[in-house]
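Input: one structure, supplied below.
Lettered A, B, C, D and E in written order, each chain numbered from 1.
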Amino acid sequence: MGFWGIEVKPGKPHPYHSDNVEGRLYVTQATLGLGSSTERSILQCSVGHKSPIFLCSLLPDRIESCSLNLEFKDELVAFSVIGPRSIHLSGYFVSDEGDHLR
Amino acid sequence: MGFWGIEVKPGKPHPYHSDNVEGRLYVTQATLGLGSSTERSILQCSVGHKSPIFLCSLLPDRIESCSLNLEFKDELVAFSVIGPRSIHLSGYFVSDEGDHLR
Amino acid sequence: MGFWGIEVKPGKPHPYHSDNVEGRLYVTQATLGLGSSTERSILQCSVGHKSPIFLCSLLPDRIESCSLNLEFKDELVAFSVIGPRSIHLSGYFVSDEGDHLR
Amino acid sequence: MGFWGIEVKPGKPHPYHSDNVEGRLYVTQATLGLGSSTERSILQCSVGHKSPIFLCSLLPDRIESCSLNLEFKDELVAFSVIGPRSIHLSGYFVSDEGDHLR
Amino acid sequence: MGFWGIEVKPGKPHPYHSDNVEGRLYVTQATLGLGSSTERSILQCSVGHKSPIFLCSLLPDRIESCSLNLEFKDELVAFSVIGPRSIHLSGYFVSDEGDHLR
């Protein structure tokens, strides 16, 4: 089990393959990165060739953090940002070897 | 198990039948789509002939994302939008074949 | 298992007896109904003769939705609104016959 | 199982001993009480002689409700308010006799 | 089982080793501490030599509290604040001896 976090930067889609962590990933928070632009930054998630889906929209000086509740296991997705600032994603993963019996 | 997402467009109710995914669907987030209108967009859910129930109300430039916590299994519902902009719904599904023992 | 939703109107306390649904009810979201008043509307819950407890306060044009996390089983409560506009409550119920083993 | 709620008033710390309810208490929401002051009210929690910890900060006309996620069992804590207005806490308890198998 | 809380002060990274509590820690809320500065304060989490990840961004007079959903077990992390004001973290821990079977 452990803390998990990435920074998704504008123009740099961040692929996530759950094979990278052993077990299940819970993504629970998105927070706007540093910067001076006051334009919104939108986090989106793409699976294969489907249209990307917006996960949250962060507004500088208004709403800079957002709770999420996503679970990933055995799949390949890509996170990306529409807008000028990066978005930090955080959460935790739980290994399959039974350290999270609930 | 997998990521799930749809875009619900104004004037186009989006039926959801949980038979489409094998197992249980968790809808956990709503985010305003792109557009220039500053009017609110409201997400609602209808079951059969009952009055639709509002799930969230998104305000451009103020509150553009909203956490949800809904579970669907073996039922037919329709999501629709009141207002000018689309709303992206996201979440995940968990198959019944036991990949989500918790 | 199924979607659940009600509209609680000002001046009309809405009794809820969990016998009405078979199993356990999860109330997870409150959203302001339509209307032109810009005054706040407060959702409250009463049990028997105790003082009502505020569950959330919704502000037109500012905060029109609110996540909740309440579970009900085998009890009689009443939801009511203080203020000019109705509040939509949504969530889901899970029957006792074992369709929600987690 | 049942709904739980208290109103914590300024200047009146509200002790909570989980022996008062049989089982486990989930505190899931805080909402600002009525009043005309526009100053913030902060909810805090104290355990023994440790410094109190802020749980949320509510701002009249801006953010008047806040989701919480706290569980209590077999412990003595005290909730109190810094600021001019009361704060309503709500949630639910689950008895130990097994009515909440999940 | 028990309530857990710390105050993370600017310039003083707060190490957290989950060995300090017996079992699993759930961090569920962040709230801005007292102070007069109106600049944002950002909570971040570091693991080893990796870049710190932002967990939330709190804005005085706008958004002073934020829900989190993090779980920690058997790991060493450090919480720190970027900005002028402290951030209170709260949540609860659950011991491994089985008092939280769910």
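We take it that contacts are C-beta pairs under 8 Å (C-beta built on N, C-alpha and C of every residue); 3 or more make two chains touch, one makes a residue touch a chain.
This is a predicted model, so every value here is computed, not measured.
Looking at which positions face the partner, chain D and chain E present mostly different ones, since fewer than half of the interface numbers are shared. Between chain B and chain D the CA-based rotation angle works out to 145°, given as a multiple of 5. Between the CA-based centres of chain C and chain D the separation comes to 19 Å, rounded to the whole angstrom. Rounded to whole angstrom, the centroid-to-centroid distance between chain C and chain E, based on C-alpha atoms, equals 31 Å. Of all residues in chain C, those touching 2 or more other chains are 62-63, 67, 69, 102, listed in ascending order. The touch graph of these protein chains is a ring, one cycle where each chain has exactly two neighbours.
Following the touch contacts around the ring from chain A toward chain B yields the chain order A, B, C, D, E.
Chain contact summary for the complex, chain C toward chain B: residues 1-3, 5-7, 26, 28-29, 31-33, 61-65, 67, 69, 88-92, 94, 99, 102. The residues of chain C lying in touch with chain D in their complex are 40, 42, 45, 47, 50-51, 53-59, 62-63, 66-75, 77, 100, 102.
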